[in-house]
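Going in written order, the chains are labelled A, B, C and D, and every chain counts its residues from 1.
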């Protein structure tokens, strides 16, 4: 299925349900190495996007992604809000700039780079970037959706053994090791939901 | 034994030991209907008098009593300090004014009246006055020391059923009923100690 | 006991040492740190003294400074200071115009201040007294003389301080202070206990979901223990008792003090004030001056009190006068 | 949860409503109560903005006022405000001379302030940033850029505010603010947890006889959990870490802030300051300016922090300049 043929409204609903389901779990992960609000933050953001889903779905895909990013910035707050927001706003702008000829994987790579710049962070810092990088790599080599989903989950899990170098968790130093990063975890949950949607809507 | 032949230094030691022994009990009584510090306050006062006992005992009795009163005012603090202090200072001054012809019971009555003025209080207000009045009456009718001691204890106990009209306990209104007044209790303890001393030092 | 202290017996004196090190605006007399006075004197001005137990900062000593009080006798935690200390303070702050004592209605304080006044009289110093009794929860209407003095004394200080700074006579300063006293009402609510350092454990306990309306600032029992209600409902209940005694009608003007008892964050005091302000608004009355923060505490007790002063043409400018003490500055708007 | 609140979700907005009702000195823009600005503007002056999560009053918004800050973007409890809010504040407080952002070193705030600065740049407003990182417990020497910003930001605000009031250029105000930032160090110790209203229970637990040195003002873990020691010993341990980075020699001059985290009575802060003052005295160094009270809290957390600013001829008069905000007044001595 081509990207811009997807039912964005339905996809938003699925993402929101997924975050809702794991809200407490994300909160617990954040309690261990941060301030415990990541679940509540993400839920607030996805609820806001969900409320606007009709308007959003009526836009061309690039504009829709940019709009989602803006809503996330304004509602998630904290560190995760502007980071998720930057990802989607930059992705939307990238796709728009290149018009019809857009290479999704390349645009995604540029959007991820913008997130890293924004967060002054990089691979191995124990953040959502540690999920975004490998997921982008799988997309670039045209992996099947279920492969990408598996990769996202493994990547989130791999943050458990990392030492946090960015965000609140970084103040814990060595004590941050042994806990999965909440941002990586929410990022994997969203990636898996999106992949599953495409899996189900792609003729096998 | 004539009053001014008593060993004041020893009497002070006995009073201090008695208060020390009942310090916690007085604190508990005050916790129930006041702010819980009556035991600590009285202990502080008696300790101070005890430290000065040699100097005090070297004075003529009236001056000694006045001095004890002053030390109590300055160290007990709160409500009880100036009241006990007034009692002893006025008693000392009264005895001094009348020189050799002093009528102890009459002087004590005037000292108790000064306490009542000072505290703007009277009989039945659930205070140390409710011990002082009957004790003075027993002394006036030349009762034996053990009679006076028994009267003091009964009088303190009788405050249990009174409704406090003065001091911190008065804010409790009806809830003050059912608890012995801490000031009455300490007053009875001191009266009993003094009576026992005279009982033991009077040829029967 | 979660406290920063060394020997509990030195709690008050070490605190005072810290205060003198921090604030050269105040000093002490008679070589006794517990006899605190302003460093700068003003000949011919009525001297104003207060005093009371420690554990209520900024009450009492925190209001000694420019345009407020001239001296304070400092007692142990929740203990009246001695007559002796008050007498020393009195002698120093008398500048020929006499001295006014302003303090709260507690037996211990009354007895000691009375004794100090008698001692001052022997020295030829005229002393007058105004005894704060603003706590509506501590006795019924008609028995106001039995009520405890709590945070509302702040307004009495402010009015008296401004009157004395205007070089009014002792009689005038006393009259104005007494007018403020008669026109202020306070009610408090406690959510948790305080801990007296020498005692070392909570003075009383309140259940995790309970509050006590009308509790005193030493933990004296109030008028009712109930389930902790939403903030607006708590304010409604508190203000109902105040409005019953200080009716607020169209055009009436008031000063309001929302006071934290120690353990309650400022954020919550503003949530309380929001509702207080709405209630005056509903009545068409005006909150002309407002102070929100910690003004009369009970160590770490969680809770708050609301004090309301009814203004008139005489009290208004006195309440609004600028003051400057180590613990409290008010700049004319 | 012993709190005065209505719906926890409205905690911040009701608090802000109370603030605007109480203090006409501040107002808000863009019809958003969370975009707080001074009511009175001064053309040609550098605008100074701050922002951060709620729950730290008087931090952050409490320092908006005369001679301090011009605006503040207010976040949820312990939540960074959004880039959007900061952008609105920026547009209002720019008076032609550019805007300086001063805030604490937290990822969320940095990201949002960066975005706001980019948006302001599009509007043609020059924005500079100074990021407070005074908490010595949150990273080692050599990695200062990783440290959290805590109560020491008070001094940065005060210096920058005075510099801007003197009508200095954005570059100069930024240079001076950054100099203050580089010369201030803070260390905190927590005795109990705070409660975030939307969470409803303690963020962490500390044993009845324990303390945690270096804990952050959101309950971030510190550098060591130990038995609660006597006050003087606690101060000695705290100050040792500060003196290691800001040596205090004969004749050196400092400003000191002893800050309560919310649940600790002022009495105890003075006991702490007493020891701080002794330690400077022992070194022949001078505490020239001192503030003691609540300046940067963590809701009802019991505990305290000590901030020390090394003074020089340039910083001294700026720190000493009078200011007046709804939450903090400083009158020149």
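To be clear about the criterion, a residue touches a chain if its C-beta (ideal position, glycine included) is under 8 Å from a C-beta of that chain, and two chains touch if they have at least 3 such contacts.
The UniProt protein names, listed by chain, are A, B, C, D = Dihydroxyacetone kinase-like protein.
Please read these numbers as outputs of a predicted model, since none were measured by experiment.
The most distant chain from chain D, with centres taken as the mean of CA atoms, is B. One simple way to say how far apart two chains are is to compare their mean CA positions; for chain B and chain C this gives 33 Å. In whole angstrom, the spacing between the mean C-alpha positions of chain A and chain C is 56. One finds 78 Å separating the Cα centroids of chain A and chain B. Shown for chain B are the residues that touch two or more other chains, of which there are none. Two chains count as a pair here when they touch; such pairs are A-D, B-C, C-D.
Chain C meets chain D in the complex at residues 2-7, 11, 14-19, 21-22, 25, 54-55, 57-58, 191-192, 208, 228, 230-232, 234, 262-274, 277, 290, 292-294, 297, 299-300, 302, 304, 324, 327, 329-331, 333.
By the touch rule above, chain C contacts chain B in their complex via residues 75-76, 78-84, 106-108, 110-112, 114-115, 138-139, 146, 148, 196, 198-199, 203, 216, 218-221. Of all residues in chain A, those touching chain D in their complex are 35-37, 40-41, 73-74, 77-83, 86, 118-120, 166-168, 170-172, 175.
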